[in-house]
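Each of the next two complexes has chain A plus one other chain: chain B in the first, chain C in the second.
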Partner chain A sequence: MSDISKEKEIIGQLRGILEESSTKEPDWDNFGRNSTIESLGLDSLTILDLLYDIEEEIGVHLEAKEVLNITTLGELVDLLIKNGA
Partner chain B sequence: MVARGAANVWWLFDRKRQIVGRDNVIRSGIETDPKKARAIAKKAAHHMAIVVVESLRSKDFLSDEDTTDHLVLDIKPDVLAVMQDPEQSLIIASGHFGNWEVAGHWVSRFKPVAGVTRTMNNPLIESIVKKRKSRFRFRPIPKHDSNMGRFLEVLENKEFLALLFDQHAGEYGMMIDFFGHPASTFKTPPMLHLVTRTPLCFASCRRIGPMKFKICTSSLIHQPRSGNKNEDLKAILGSLNRDLEAAIRKDPTQYLWGHRRWRD
Partner chain C sequence: MNNETSQRTGSARHRVVVTGIGIASPLGVDEKIVWKNLIEGKTGIGPIRAIDTSALKVRNGAEVPEGLAEARLKSMGRRPSDRALDLAVVSAQDALLNAKLISQEQESVPQDVSVIYGTGVGSAESHYKSMQAMFEKGPQRARPTAVPRCMYNAISAGISLQFNLTGANHMVVSACTSATNAIGTAYRMVRDGYAQTALTGGSDGFFDPFFYPVWNNIGVLSKIEDPIEACRPFAADREGTILGEGAGTLILETLESARSRGVPIRGEVLGYGESSDATHLTNPSSEGQAKAMRMALNEAGVSPQDIGHINAHGTATHGNDACESKSIHSVFGDAAADVPVVANKSYFGHTLGASGALECISAFLALEHGISPPNLNIENPDPECRINMVGLEPVPIDSRPVMKNSFGFGGGNGVLVLGPSE
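This part shows the complex of A and B:
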């Protein structure tokens, strides 16, 4: 699978997860690599839900230290690919 | 004496808290007679005033190497091993029972402790609490903050994270039985445990005499991930609530009954 289609697949999976767990309705029209984590309606509590669901749905365990510096969806996708997604 | 006097005045004028406290005691099943329930709620109000005074005075003995005159410890071996391991962090879940401030400061002798705090309604108490918390190795972190990673940072730094989970959690909470009645309960301690695999335990600190306390912990709570997040959370939160109930039953006059724990 090419990098682009892999990335597309992961973004689709993340959208599915967020549709289930986000407490705030993100701007789905502009949902993509440049979406900030903040704009996705995540906070210190809901990001934990996201990390749990990522591990279940995508099968990748992310270390806390890796997640701390993430500010955009694109960075999260890159991190997931780097960790074997 | 002053603390009791202040608590008496507060109790006299805060009719709403009197009713909430009494009704919560009855709802818990600890006491069914309204007069006796009210007496427990009143003693609990005194207790909260004493907590403030004790927290200020406890610095004298908490700094000592030997605390046996003031503290009786029942720390489970697996928890103690984590506390003593410089490479491990620990999530310590507790409730508004006994003197949680003393417990937080005692445990900071092992490693720095970060605890979620909210601003006190009373500015005088807020300033006292702030001064108090800056002593020892206790770092307050705000309940609401734009820094999403503030809990994860604490665990990443191999520090202790102390969380009081027994207040009404609102929409983020999960309904878990507390004394047999569903109560919205904070998911933060179990979610952090499930996501980061950081060890988690319950702790309590009960007053057993003047300036004397018993600090107890549960064993480490092991909840393997089942793949069903809600079931995992229910299992852990159920365990934490049962541990807290057991602690409260040992002395119901040391619990914050005035808080609206059940809001249905």
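This part shows the complex of A and C:
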């Protein structure tokens, strides 16, 4: 699978997760690499749920400290690919 | 009052008025629609949609009409999270808008507001989902945010976070008396100068595959299959209560504050009484109930003869209604035969920790309009109760104070005396 299609697949998976679990209504029209973590309704607490769901759905375990400094969805996708997604 | 202190302001007692009302109920999420349904005698009780009830003895409940709360949450940029919290936030937004503390352009409240809120069950949906995940995947795979989501004060905290309310913030948990206890507590805080403005009320949402079947088993739900007929407070042929979900929110503030802000006054809280039966976990005691009623009357400075009508707890179970009518007789004496009594649970169902709030709102709307909604299913009033139940048609009422009763499992009793705007 190419990097681009892999990236699209992961973004789709993340959207599916957020559609299920997010407590805020993200801006789906502009959902993509440039979406900020804040715009997705995630903070230092709710991102823990995202990591939980990522492990369930994508099978990649990320430590909370690894994502603390992430500000965009693109950075999260890169981190997931780096960790074997 | 500035935003940096919630310390008591002086020693004088303040008059406490209601400047905002918000409701998310089985009769709707707009107070005008709720009032229309009350006056037209339309119940919010129906077959339960949220869960599969095919194996249960009782299948009726009062649910907030599908999609209404969800649409309101979406307009706030929120997604459904926990039913009790969601309904509380929706009703809180309406109450704050109604009190002109927020507007469509200004979503953050510019002054200290304390949140004193009630719930009977708390974050039932979050508890159920967390337990479900634990049983399916094991405790090591429990969702991290289960801890804050399952807190009782997730509801008051959620309201505070949504609207930036920076005063006191806590929950009152006392089963079916929760909202009335919360309103009474908030009233005293405002009256005594510990808060200038308080957002109060109650919320419960519990139609999940654990909580509702358990209530089926405790034997107090009506087995009458027709949802319109099922809940019959103070009727001779009553067979039990029907559960409901909902949230009601009121904004209480000092009369001085309301006048200085120039906002309409919807009513006034005149007095509050509370007591504990200390006799049985689930069976009520008329002594404890009467004690709370007398305390509320005394605090309001009124006699039983001054009460224009009673908004009863009226669960429609045999024991509760018989006990409440006995308590009314104990306090009102001969006047008990005359004072009109209305019981709203045939409309909203028994919304447990929200019931006191929804029924207070109904009482304030009745005072505003000078009309009492009819009692549903009261074709055969129980002669043993010997109280003056409003009949099947709305009736005019005067502007004298209303007594609002709430009694709960655990033996807690809460009674409010409510007055008109002036």
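Definition applied: the second predicted complex is superposed on the first by the 85 of 85 C-alpha atoms of A that agree within 3 Å, B and C clash if a C-alpha of one lies under 4 Å from a C-alpha of the other, contacts with A are read in each partner's own complex, and residues count from 1 in each chain.
Basically, a residue touches a chain if its C-beta (ideal position, glycine included) is under 8 Å from a C-beta of that chain, and two chains touch if they have at least 3 such contacts.
Quantities reported herein were computed from a predicted structural model and do not represent experimental measurements.
Asker: Tell me which partner A:Lys24 touches in the superposition: chain B (first), chain C (second), both or neither.
Answerer: The answer is second: A:Lys24 touches chain C but not chain B.
Asker: Regarding the shared-chain residue A:Leu45, is it in contact with chain B (first), chain C (second), both, or neither?
Answerer: Both partners, chain B and chain C.
Asker: Comparing chain B against chain C, which has contacts with more of the residues in chain A?
Answerer: Counted on chain A, the partner with more touching residues turns out to be B.
Asker: Could you say whether A:Ile37 touches chain B, chain C, both of them, or neither, answering first, second, both or neither?
Answerer: It touches chain B, and chain C stays clear.
Asker: Given the touch rule stated above, what does A:Ile81 touch, chain B (first), chain C (second), both, or neither?
Answerer: Neither chain B nor chain C is touched by A:Ile81.
Asker: Have a look at where A:Leu68 lands relative to chain B and chain C in the superposition and call it first, second, both or neither.
Answerer: A:Leu68 sits against chain B, while chain C stays out of touch.
Asker: If we overlay the two complexes on their shared chain A, which of chain B and chain C does A:Val60 touch? Say first, second, both or neither.
Answerer: neither
Asker: Find the residues of chain A that appear in the contact set with chain B and again in the contact set with chain C.
Answerer: 23, 45-46, 48-49, 51-52, 56
Asker: Of all residues in chain C, which touch chain A in the complex?
Answerer: Residue positions touching the partner: 74, 77-79, 81, 141, 143-145, 148.
Asker: For a test of understanding, state which residues of chain B touch chain A in their complex under the given definition.
Answerer: 145-153, 155-156, 171-172, 187-188, 191-192, 194-196, 225, 227, 229
Asker: Could you pull out which chain A residues touch chain C in their complex?
Answerer: Where chain A meets chain C, its residues are 22-25, 41, 45-46, 48-49, 51-52, 56.
Asker: Tell me, which parts of chain A touch chain B in their complex?
Answerer: Per the stated touch rule, the residues are 23, 37-38, 42-49, 51-53, 55-56, 64-65, 67-68.
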